[in-house]
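Both of the next two complexes hold chain A, though its partner changes from chain B to chain C.
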Partner chain A sequence: MMKSFLRATVAASLVTAGAAGAWAGEIKVGSVAGVTGPIAELVVPIVAGRNLAVKHVNEQGGLLDGDTMKMALVDSQCDPKAGVDAGNKVVNVEQVVAIVGASCSGATNGMVQSVTIPAGVVALSDSATAPSISELKDNDLVFRVAPSDAYQGAALAKLAIDAGFKTLAVTYSNDDYNAGIAEVFAKTYQELGGTLAGNQMHEPNKASYRSELATLARGGAEALAIFAYYGGSGITIIRNSLENDLFGKFMAADGMFDASVLEQIGADTLRGNIFITQSASDYGDSSYKAFADAFTAAGYDPVSPYAAHGYDAAFLIALAIEKAGAADRGKISAALRAVAGPPGTVIRPGEWAKAKAVLAGGGDVNYEGASGNVDFDSNGDVSGIYSVNTVGDDGKWSTKLIE
Partner chain B sequence: MDQAYGIFLYIISLLTMGGIYAILALGLNIQFGFTGLFNAGIAGFFVVGAYVSAILTTAPSARHLGGYELPVVVGLVAAMVVSGAIGWIVGRVCIRLRADYLAIATIGIAEILRLILKNETWATNGARGVSMVPKPFETLPEPWNQLGLMALVLSIVAVLYFLLERARTAPWGRVMSAIRENEPAARAAGKNVEAFRIQAFVTGCAVMGLAGGLTAHYLKFIDPNAAEPVTATFLVFVMLIIGGSGNNKGAILGAMLIWTVWSATELVTSRILPDDWAIRSAYMRVFLIGLVLQIVLQRFPGGILPERRLRVAKDKKRYN
Partner chain C sequence: MMDFINFHLMPGIILGSIYALGGIGISMTFGILRFANFAHGETMTLGAYFAFTLIQLTGWHPIAVLPFAMILTAVVALGIDRVFYKPFRARPAIMLVIASFGMMLMIRSAIQFSWGVQLKSLMPGIQRPYILFDALRISPKHMLIIGSALVLMLAVHVLLSRTKIGKAMRAMADSPELARLTGIDTEMVIRATWVVGASLAAAAGVLLAIDTHVETMMGFKLLLPVFAAAILGGIGRPYGAMAGGLIIGIAEELSSYAWIGNEPLLAPGYKAGVAFAIMVAMLIWRPSGLFRGKVF
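Right after this comes the complex of A and B.
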C-alpha cells in the first residue's frame, strides 16, 4: 500500500515536472540599446516600445507552447566598442534566439560585423539608419525596421522636383545623420534633373551662418535645402537667411521638424515657404492607432522617435520565432521574411492571439506595423513612410503623407 | 548551443578586449607610470591608430580613402608609426609643460584629432566611420577564429610586457623614474630631461596606436564615437591606477580586472533587475568603477601591485 502510494506520488511528480518543463520555459531575445551615451533620452521610449510588444505576446498566450518571451537588455552606449561587447554578452552568455538593436548606426555596424553575423544570429535594428548597413555581406542576418537615410533623402529630392524647384542650394550639419541624408538628396536631385547651385557642410552650434549663406546665395538658387537639427543650427540658418534676404524658401528633413521653428521664426513668415519631410507613421492607419492607444495607456508618448519601430521590431521577432516553430537561431531569418510581408492574414499591433491561431493552423501572417508595412527588401531594409509638413492656417504644422 | 560553451566564448571576448586595454594601460604606464607625464589624450592617439590600420587594410570603398588591402601586420605597424609621429610633434611642442598643464594640452589635442577624423570626410567617411575592416583569422571556423585573435592580442601583451620590463630595469627606466621623482636632480646629474621625456611620450603613443589598430580589426568597424573619453581615456587611467602605476604587471592586471567589472556587471544587473531599473543601472556601472577606485586607493595607495623599487642594495654594500 505504502509502496504503491509512493510509486504513484513519484510518477505524479515526474509527470508534473515534465509538464512544467514544457510550459514554464523562457525564450530570450536580446535587447541592445544605447541606454547611456549621446541618445540616452531617445532610448527610453524605444525600449518601452519593445517591452510593450513583449507584454502583449506574454499576455496573449506567449511563444510556442506558452513559453515566456524575455528581453535581455544590454547597453551599447552608441559606441562600437560597447556594441561589440553587448553583442557578445547577449549571443554567448544570454544565449538569445535573436536580437533587437542596436540603437546607433556605429554600434550596430560593429556588433553585427564582429559578433552576430559570424555567430549566425539575426539582428533587427529599430533605429540604425546609416546606408552602409545595407551593403554588408550579412547572409541575410541583418534587418532594419528603421528606414535607411537613403530613402528620406530621395523622398525629399522628389518632393523638390515636384514642387518645381530647378536650382537648389544645400547646407548640412556635420554629423552622421544629416550628412548622410544630404549626400543622398544631392545625388537623387541631380539625377532627377535638378541643378545644385551650391553644397556646403557647416559645423553646428555656431552663433551665425551669414558668411556661409552669402556664398551659397551667389549661385542663384530658388530655395535652400537644410539638413540640420533645429536646435543645433537649423533655426539660426533660417533666421540669418531671412534677415539678410538671402533665401526665402526652405526644404528640410526631419531634424528640423519641431514646433519651436514656428515659434521662433513666425508661422506667417514661413507659410507656403517651408517643406519638411519626416520619417513618419501613418497616423490615420489602424495599425498605428492600435499601438498608440496601448503605448499611451502605458504612460509614454507614441510620437516619440522610433518608439513605434521598437514595438514592431520586438513583435516581428516574436512572430518569427512562432513561425519557425522553435527557438532556433538558424530558422529566424527566413521566418522573419515570411511574417513581415505578404501573403497572409494581416496582423496589427496587439493582435498576438490572432497571429498565434493563424500560425498554429498552418496559415501565413503579414504583419502591418505601427511604423509602416515593414515589408523587407533584399537588403533587409524597409522603405518607410514619409510625411511632408507645411505651415497650416492655424499657425501649426500641417502633416500630409507622401504617396 | 550549450551554455558552458557560450560562456567560454564570452570569456574569449573578455580576454580579447581586456588584452587591448592592457596594451593601452602599458602605453600609459610608460608615460604616466615611469616618467610622470600626465597624458589625458589617450583617446586621440588610440583613434588615430585605429583609422590608420583600418584605412590601410580595407578593400576599396567609395566612402573613404583606401583600397590598399595591405596585410593586417602592416596596418598595425603603420598605426604605431603614425601615432608615434603625432606623439613626437605634440611632444616637441608640449613636453616642457608641467603635469596638469600637459594634461590640459593633451585633452585639447585628442579633441583636435577626433574632429579632424570627423571632418575629413574624403579620407575617413566622417561621422559614419570605416566599415568592413578585415579581422585576423575570421575565415577560421568558430571558436578558432575568436581564439586566434585572442592569442594574437595576448601574445602582443606578453611581448610588450617583456620589452617594457627590460626597459624599466635598464638604465633608461631608472632615468625615467629619476625624472618623475626629482627632475632638477636628474638634470643636475647631466641627463637631458627633455629628450628622455619625449622618448617616453613617443613610445607610449605608439603603443596606444597599436591598441587602436587592434581595436579597429577586432570591431571590424571604427567611427569617431570610439574616441569617447570615458571609455578611451578615463577608463585606462582607472585601470593603471588600480593595477599599480609604474608596475607593468599591475597595468595588465588592472586592465583585465576593470574591463571584467565594466563588462560583466551588466550580466548581473540585466538578469536580476526589471527593465525600468536596468536602464538606470547602466549608469550604476560608472558609479561602481568610481567606487572600486576609491576602495582600492584607500586600501592600497599604490594600486593592487604597487611599483617596486629597483634593488640597489648590493651596490651600496660595496661602496660602504
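Right after this comes the complex of A and C.
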C-alpha cells in the first residue's frame, strides 16, 4: 500500500515537472509549423533554418546563464483549427516563453487570436504573409519577419503588366493567405490598367477544377493568376488548365513556389509559361552570406523560401530572451523590439557570442538578419524584397531579384 | 453545350465513379458491421501509397499494379479488423465508431511516417485529351478511370448476385440475427465485407491518384462525399452507393454550371457544400435513401 502510494507520488511529481516543461538549464521556445499539409515540402527548410539558429545559440554559450535553448516543434498543418491546437499545446503543455510560427497565414491567425494573444505570449511568424495579420489588435504580441503580401501582390501585378498581359483571370483558394494576396493583386493590376476577365474563389483540396477553369476561360484572359498552395489546389489547377487547353500561361505567388510543381507538371511544359514571386533576401548582403554559408554546410539550400526568415525568427527570439534577462513571457515583446532595430551594435547571423557579450555589458544590439534588416514597424511587420522565379534550362527554378 | 459535357458532366462522372467505389465499402461496413467506419478514407490513401510503391518497384502502369494494391490493402484491413475491431464486436456500436476514428489517425500517421508527407505522383506530367467528333474531349486516363470503375462495379454485382458469400452478405445486411439463425458463418461474412470494402477503397484511392496526385490527406478529403453517397443510396445497399456516388459527383460539378445567364449557378467555392446539402436533405426527408437502406 505504502509502496504504491509512493510510486504514485513519484509519478505525479514527474508529470508535474514534465508539464512545467523547463528542466533546470533548459528554456523552451515554441516552433509551430505546417509540417504536414499542403506546403509540407516548403516547411522542411524553414524548420531547418530555425534549428540552425538554435544550434548557433547553444554552441556559443546558450541563453542567459548557459541554459540550453530548446525548440518544441508542433504541427499546425497549415490549417486554422490545427493552428489553434498547436498554439494550445506549446503555450499550455510545453509552457514555452515565446513562439516562432505558425507557417501559414490561416494557421497563424487562428493560433494568435484564440491562444497566444489571450495568453500574452509573443508569436513571431517567419512565413505568414497575409495583410490581415497587420490589422490584428494584438497588444504588440504578434510579429513577423515575413513581409506582408500588401507588397508581394503589388509586385506580382507589376510583373504581369511588364510581361504585357492586358487581361487576366484570377483564381484564389479560400483561405487567409490566398484571399489576402489575391485582393491586393487584383486591385493593383486594375489600377495599373489591366483588365480582369474573371476573379473567382475556389475550394482547396478538390479532385478537379475543370468546371471552375472553364468558366474563367470564357472571359478570354491571356493568362491565369493562381493564388493557392501547390499541394492544396495549385498543381491540380495547372494540370487541368493545360490538359484542356483552358490556360497556357500562369503566374503565382510564393505558396506555389516548390520543386514539386515542376516534377508533377514537367519543367519543359512550363518553361516560359510561368513566373512565381517569392519573398527573397539581398543575396549580396553580408548577413545573408553568413547565413547561407552555415545553411549550405548543414546540407540545405539557402534560397529555399523563408528559410532565412526561419533563421532570423529563432535568432531574434533568442536575442529577446537574452535582452529580457529572464525566460519571462511578459518581457519578450519589448525586448524583441529593442534587439531587432537600431540603435545598438550590429549583430549578424551566427554572431551569438558577440551579442551575448554586448548585452551582458548592458549595451544594445541591432540584429541585421539574413532575410533583411528586420526592423519592425508599429504593426510588427518588416518591409521586404522579392524575387521572380522562372523555369531554368536545367529544369529547376531560376531565381532573379526584382529591382 | 460541348462545354457542358467536357467541363461539367465528364468531371462529374469521373469524380462520381471514384465516390461510388468508396461509397460501396462505407455502405457495406455500415450495413453489415453496423458502424460508420471513419478510417475508410485512410484506407483509400493507403491503397494509393501501395500503388505508388509498387510502381516504384516494378515500373508498371498504375492500372497494372491496381489489383496488387487492392490485395495488399485488403490484407491490411483484415489484420486491423482482427486486432482492433474484433474485440469490440459485442460492444455498443459507438465504441467501434470511436475505435475507427482512432484507427483513422493511426493509419494516417503510419503513412506519414513511412512514406513522408511530400506530394507524390503516379503519372507525372500532363496528358492531352483525345478530341472526338471535333468537340468531345476525353483524356486516356479518364477513360481508364471510368472503365476501371465500371469493371469493378460489375464485379461487385456478380459477387453479390451469383456467389454464395455474396448472398450471405446481402442476407446479413438485411438481418444479422436471421442470418445467424440460418447457419451463415457471420465471421466469414465480416471478413468478406472487409475484403470487398477495403479493396474497392484502394481502387478509389488509386483512381483518384491517377487523376491528381498522392498525398497523405487525400482519402480524408473524400470521406464526406463518400458518406453522402452511402447515405443517399441507402445504408447497406451497394447498388445504392454506386448510384449515390455518381449522383453526388455529377451534382457537385453541375452546380457550378451557368444554368441561368452567364454566371455559375453556385460559386464554385461552395461546390463542397453540395454533397453536404444532399446528405442533410436525405437524412431529413428520406433517411432510408434511394434504395431503401437501413435506418439506425
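Everything that follows uses one rule, which is that the second predicted complex is superposed on the first by the 236 of 403 C-alpha atoms of A that agree within 3 Å, B and C clash if a C-alpha of one lies under 4 Å from a C-alpha of the other, contacts with A are read in each partner's own complex, and residues count from 1 in each chain.
The definition used in the following text is that a contact is a pair of C-beta atoms (placed from the backbone, for glycine too) under 8 Å apart; a residue touches a chain by one contact, two chains touch by 3 or more.
Remember, predicted model here, so these are calculated numbers, not experimental data.
Applying the stated contact rule after C-alpha superposition, one finds that A:I317 touches neither chain B nor chain C.
When the shared chain is aligned, chain C comes close enough to touch A:L242, but chain B does not.
In the superposed pair of complexes, A:R210 makes contact with chain C only, with no contact to chain B.
Of the two partner chains, neither chain B nor chain C is touched by A:A327.
By the touch criterion defined above, A:L224 lies against neither chain B nor chain C after alignment on the C-alpha atoms of chain A.
After overlaying the two complexes on the shared chain, residue contacts for A:I347 are found with neither chain B nor chain C.
When the two structures are aligned on the shared chain, A:V382 is found in touch with neither chain B nor chain C.
In the overlay built on the shared chain, the residue A:V32 is in contact with neither chain B nor chain C. Of the two partner chains placed by superposition, only chain C is touched by A:E41; chain B is not. Shared contact residues on chain A (touching chain B in one structure, chain C in the other): 35-37, 174, 201. Against chain A, the residues of chain C that register as touching in their complex are 3, 6-8, 10-11, 14-15, 18, 112, 117-119, 121, 124-129, 137, 139, 208, 211-213, 215-217, 221-222, 253, 256-258, 262, 264, 267-272. Of all the residues in chain B, the ones that touch chain A in their complex are 1, 3, 6-7, 9-10, 13, 17, 63, 118-119, 121, 126-129, 131-132, 135, 138, 142, 145, 215, 218-223, 225-226, 228, 231, 263, 266-267, 270-271, 275, 278-279, 282-283, 286.
By the touch criterion stated above, chain A contacts chain C in their complex at residues 35-37, 40-41, 174, 200-203, 205-215, 218, 230-231, 235-236, 239, 242-244, 260, 263-266, 269.
For chain A in complex with chain B, the touching residues are 31, 35-38, 43-44, 47, 51, 71-75, 77-86, 88-89, 91-95, 104-107, 109-110, 113-114, 118-119, 130, 132, 135-136, 174-176, 179-180, 201, 329.
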